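Structure in structure tokens, see below.
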């Protein structure tokens, strides 16, 4: 355990006071994410996860600055997806899965049992590996689904347009908002799912290999989109594609066999990692 | 590891609450109650059956009830043997006829037949399963019984007449008619479950045999059938369960005579048939009780058969899942 | 070479045998469908659907009251069985992995194999024995008891066809679990659930045995749940076992009506289940 704690590159900062937390919500350009002046958006401390008896994540500590992209990489089964699912408590859907530790957004713990996962998930949205639009709903209703089902008041039509624009899908679908979501191509469906996640106005967006089921052109569109979304949202993305991690992320975390081996600026991880295992992985010696 | 004030409670609770908010809790309770209703229904079935049957139990000797052949409601003499016998004989005939036909049908549909013919045949089996029992009875009464009397029974007596089961007067109504109509009715059950079971046979087994140069039939005999055998047995038990409890069609063709005969041509009676015929016009609580006791016997047998069948079938499909993983 | 030829012959032989099994099974089916149609059709007329039964020899009788009775009792049964059966199916699909879920699934499967005549006795004990009268309600209860277990299992199967990705997508939007089930999962499974319901209704409409001593029969119109009620199936049975040629013909015509009704329900169910989840993501 101690070894892992030392390996974790980012030390947990002390808990934030509420005033500081609210301050960190204000828009602010984010050059040099590691600068201590910026309050972290997401703080993970001593996160452990189990599937039944299987200890899947070992004491993960990680800080995510606001308006940045953090990529989680590592070979299959390394715990990167488990890590992502814990961030909005989707792991609770898997029978026998549990997680311990602290997860703070703007300094407030959200992993506690007394916290309804629903409140966490409204702040932390998620995009999945395969596009999963609701098949019974139109394009418009898919985007507005979170608003409708949560009975969020307001002008849904306006939000639908805005988020579809943010997801770079508006021009392609504006003439057929009433059509079935299944009439879209795979890449369009995935951008629809991103728009759907954005419509509930989350602060953090989790993406679980969002382009792995798409062709290269659709993948490029998603990556461009991630660049734009970074201006407004804090993004954590899991990918098995190292080039993709290099292209889209500011910070990269390397997971191996349930450990967070190393985390640091993406450039450093790919060019000059401090850990031997990281180097072996990014240079393609295993995985 | 700086101690933080607000996280101690969170860390001490490993299992997160599944239903954290009120709506989820209400929904969880709601569907649990509806699910539990299934158990209530099962309890009601047992309880009510026992309650209706009870008046007949006073001074009743279970062994005598099941082994006596004397059924005379007016004298309050209740011997169930003719009905048990008729049920067993008709069901045995049904299985003997339906099993080979169903397995042949299932093999044709899933292994041997031309692909083009499979959908219409599968559809025909569905139709066979959907036809109400009383219509089978109608057809049995006006088509099957005259054909048995005029064609099949004389033929069987002429060729196999040395067997006691094919002797005696040929009247059409009887065990044979009941058994054959049951065979027709349980055929879709056995065939469709067998098809499902054959689907779970790992392709590797079949392909392995074919790759060794086996003909299609040899692959079926050596690889497919041995693997599917417990599932086919389960399918047969399901069919048997249906045959034992089937009422209308049998009632209309078996002749309704509380006697025991060795000949399949002779009229007989079954457990469901006597309940159907006498219940509405029963002479009193004891008579009703005796009929309900017959129902209880039937319930017990079908319960055991169904439980055994489900266990066998799920054992086959579980085996497949293990082999695929 | 000779051995190979023999093996090929054996292969062809068994293929022919299995093909004959198909013919053997289809022959009675064709005969049955043909006879119900050819003997039922001559008696079919508008008055057959709207008239009351007439005594032997009197022309122009119908089975109007029996058709209404069947609809009435199947309707009563559906009112009782649909919420419970579908709800139990939702339970099995969502929380069916625990000990309770497994026990309930097993119970439902075993219950669906209980002979319908036995269910008739149960309904007799529950209703007729207390009301001291045969009634449509008792018939409805009997049919409901038959519908519930199979409805629960088929509903479960159809809900399980909905990809878990949709549940995840909804939950990730911060939608509570119950709303996800009700507003996302159930609408997606709706076609399947309607199919399950139609099949259960079709089966109930074709049941005879449990009605014999619960709803009994009635020569007249009846929409009072506390009164004995005619049904198409019991009417067919009574006509068929009567000694009168005239009534036999009516039995065939009534059988044709019943077959059309059940067939229509099954066809609709097939059509709906073919369209279910078409193109949904895996």
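Lettered A, B and C in written order, each chain numbered from 1.
Throughout what follows, contacts are C-beta pairs under 8 Å (C-beta built on N, C-alpha and C of every residue); 3 or more make two chains touch, one makes a residue touch a chain.
Keep in mind that what you see is a predicted model, and the values were worked out from it rather than measured.
When every pair of chains is scored by its C-beta contact pairs, the maximum goes to B-C. Among the remaining chains, the Cα-based centre furthest from that of subunit B is the centre of A. With centres set at the average Cα position, the gap from subunit A to subunit B is 54 Å. One inter-chain figure worth recording: subunit B and subunit C are separated by 17 Å, centre to centre, where each centre is the mean of the chain's CA atoms. Each chain gets a centre from the mean of its Cα atoms; for subunit A and subunit C, those two points are 49 Å apart.
Multi-chain contact residues of subunit A (touching two or more other chains) are listed as 117-118. The set of subunit B residues that touch two or more partner chains comprises 21.
Residue positions of subunit C touching 2 or more other chains, listed in rising order: 176, 179. Contacts from subunit C toward subunit B in the complex involve residues 7-8, 10-11, 13-15, 17-22, 24-26, 28-29, 31-33, 35-36, 83-84, 87-88, 90-92, 94-96, 100-101, 103-104, 106-111, 113-122, 124-126, 129, 134, 145, 148-149, 152, 176-179, 181-182, 202, 205-209, 212-213, 216, 233, 236-237, 240-241, 248, 251-252, 255, 258-259, 262-263, 266. Contact residues of subunit A toward subunit C in the complex are 88, 90, 93, 95, 117-123, 125-126, 128, 130-136, 145-146, 149-150, 182, 189, 193, 196-197, 200.
Put simply, subunit B touches subunit C in their complex at residues 19, 21, 23-24, 26-28, 30-32, 34-39, 41-42, 44-45, 48-49, 51-52, 100-105, 107-109, 112-113, 117, 121, 124-128, 130-139, 141-144, 184, 187, 191, 215-218, 220, 238, 241-242, 244-248, 252, 272, 275-276, 279-280, 291-292, 295, 298-299, 302-303, 305-307, 309-310.
The touching residues of subunit C, counted against subunit A in their complex, run 97, 163-176, 179-180, 183-184, 187-188, 190, 277, 279-282.
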